[in-house]
Structures are given as C-alpha cells and as structure tokens.
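A, B, C, D, E and F label the chains in the order they appear, each numbered from 1.
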C-alpha cells in the first residue's frame, strides 16, 4: 500500500501553458503506479499518488528561488 | 508534540458545496487533537494539525486520476 | 481518499516503555479513520494512515531539541 | 542532498499584506540553505527548499483552527 | 526540480526477505526519475527521490493496522 | 506556527562518524527557528522542527541511488 507524493513546480511543459496538463498528471499517476506493481508487486488498488504543484517563487535551489536561479543562468549564457 | 498532516481531496461533502467547510475542518482538528490526548496523553497545546486540500485531478488511485476512477465506477453500475 | 500522516516523538507513554505500543498505534489508526468517516463521510477503505516515530533529539521546539527543552523545564520547577 | 519543507500559515507579516512576500521567501530559502552548508557542509546546489503556505482555517493548534485560537486569545487580553 | 517521496511498508517482496532490496530501490529511483523526464521533460539531475520504509504496525488501512487487516483477510478465505 | 521538515542523508559530516551528531542537529534546529523569527516574526515557541535521516540507498539523484552516484563521480576524477 504505497503512497507516492510528487512535488513539481507549477509551470507549463511547453509554450502557452502555465501548469501541468490533466493528461500529464494522468501519465505520472499511471506510470508510478505501474512502477510499484512491476518492481514490488504492489497491486494498483493499493497505491495512492498525490501531485503537489508548488509556485516557482516557493521553490529554492542553489540558495535562491527558482525564478532568480533561471535569470542568472540565462544571463550567463 | 505531534504533527498531524491530513490530505483530502478538494470537494464538498454534500450538494452545493465544492470544498470542506470551515466547520468540518474544525471538527477534524478538534477530533484528532483529542485523540492524541486520549491515546498518548499529548496535551492539546503541543499538537499541530495541517489540512491539505488536493485537487481531484492531482490525486491518483488504481493507477488513474480520481475523476476517471469515479467515471468508470459510475459506468459499471 | 484521505491520507493521514501522524508524526510523534519516539518515547513511551508510561514507565518502562520506550515507544508507543502496538495497541496505542492501533487506537490512533482506528480513531482517525473513524473521524474522517464521521466528519467527511470518507469510507474506511479509502483512508491511509502512516505513523512516523521521530527520535527525541531530532525534534525541535522553542529553538532547541526536545531533550534540552525538557531539562530546562524540569530545572525551572 | 537535503530537502527542506517549510510550512507556514498564509498571512502577511505586516499591515496591508496577506501573504509572505517574495523577498521574505527568498530570505528563508537563502538562510536555510546557508545553514545546511555551515552546519553539515552541504553544498548549495544539493539543497532543495519548498515553502508551503497553508490557509489559516486549515491549521490547527490547541485543538482548534488558528482563527478561533486568535479570537479567544484576543478576548482574554 | 521535482521531489518524489515514496512511502512503502517495510517488508520483503518475496520469501526470505524482510525489506525491499537495494536493487528494488534502485529500480524505483530510476523508473520514477525517467518518468518525470518522459512526461514533463525534467532532467535527471533535477529530480530527488526519497524512499521511506514504514513498519507494518505503523501503517493503517480500513481503520486498522496492516498486520490485523491481513490476518482478517486470511481468515476470510 | 511554522513546521519545518529537514530531510538529510544518514551519514557523518566527518571521518569516524556515521550520522549527524546531536550538536549538529541542535544547530539546525536553533538556526532554522531563529530564521523564522528574523524573517517572518514567528516566535520560537510556535515553530516545530523535525529532522529525518534517510539511509543513503533510499535517496535518489540523477536517476540512481546516492552510493552509486558517488561511485561514478569518484571514478570520473
């Protein structure tokens, strides 16, 4: 009876989108549930998956919020 | 000093509601804090409760998002 | 389909015990599952409960680990 | 490779604000990442920080939601 | 920059084992990281995975700890 | 009333140690509680900190468990 919590930044995976689509979320849920069945033999009805979408300014890496990190990287290149 | 995290789907418990009401949330907080006092002797001032409401399409069970799971179950009956 | 995560310090609730007993854990699981049924109408088979026991020195309150907090409080009285 | 999850109530730290500002969030991210470098030698590029803002009525302490707790405390004084 | 937290019961997936093996954990990590690359385009170096193994008596489903749930199911069949 | 959850790998920060020391944990708790006071004005008595130590083979980055990641990096240099 696994619980999988997936935290991602709230943003689109392509132009014109500002969040993961329902199809992308369904693919994550299907894929990770299948993985737990394949690797550990956990039946699909015993796996819960929760996706949490985190605003970009609430996510930190390299000691700074992601928007600032991306701005710096863009300037460097 | 317990911490209780309650994740629920964001939906109403009855017609005309689309989320848990403030009264329902208060009942969850009161009930679980009392439970920790009764079972483990934890005083009420040392228990934190956080309720997270998760959009339906972000919650997976049986390898699929909850809206799809409910649609299939409705079709079966 | 709620998920409830309960974090408690790893310690006994009485003399001669150094952790919550299996009976206490069962009472927490039963109580919180029943609470979600009573308040939000969630059936028992759709609620997952996970209890995490945290070593005392890994838990902080008032800016210090719990063992130090208790030592200070004991000295004050 | 630490992961730091910071849960705070969604509210302003001063008049006219109803949430933590981007500057406050950046200060939390910077401060906690630096702390992990100072104390455990974890490089900044290996620390993830996620800030979760929780609505006041979803946060419980003393067996009640925070808005009710504050109302009672205000009445007592 | 996803974070994936996988909670599973601490038990073996076959006879003579009492926990997930290192190979099974590696397969979970590899599979879920690849999934986030495939579905959302997240590079492998930006995904953190944490596996938490929960003792059976700390996991509740159907309002009871998992060992009791399994005992009842075995008796029914 | 913040809750801070810090997940770190279970390993020593120097030779002859195989886990964070009690002093290092106390420094993390003190530092992060002070940070929340400085940045958001949260009083020390309203901040809970929980440190979780994760076995190395349960932590994944770059699509593989940390021990394998380090072995590869050591071979490359």
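The rule is simple: contacts are C-beta pairs under 8 Å (C-beta built on N, C-alpha and C of every residue); 3 or more make two chains touch, one makes a residue touch a chain.
The shown structure was predicted, so the numbers you read here are calculated from the model rather than taken from an experiment.
The interface formed by A-E recurs in D-F: of the pairs listed in C-E, D-F or C-F, only this one shares over half of its residue-numbered contact pairs with it. Each of B-D and B-F has its own count of C-beta contacts, and the greater count is at B-D. Centre-to-centre, using mean CA coordinates, subunit D is 29 Å away from subunit E. Separation between the centroids of subunit A and subunit D, computed from CA atoms only, is 22 Å.
Residue positions 1, 3, 7, 28, 32, 48, 50, 52, 59, 61 of subunit F each touch two or more of the other chains. In the complex of the two chains, the subunit A residues touching subunit E come out as 1-9, 13, 20, 24, 27-28, 31-32, 35-36, 38-42, 59, 61, 66.
Those residues of subunit C lying in contact with subunit E across their complex are 22, 25-26, 28-30, 32-34, 44-45, 47-53. The residues of subunit A lying in touch with subunit C in their complex are 1, 3, 48, 50.
Of all residues in subunit E, those touching subunit C in their complex are 7, 52, 54, 57-65, 68.
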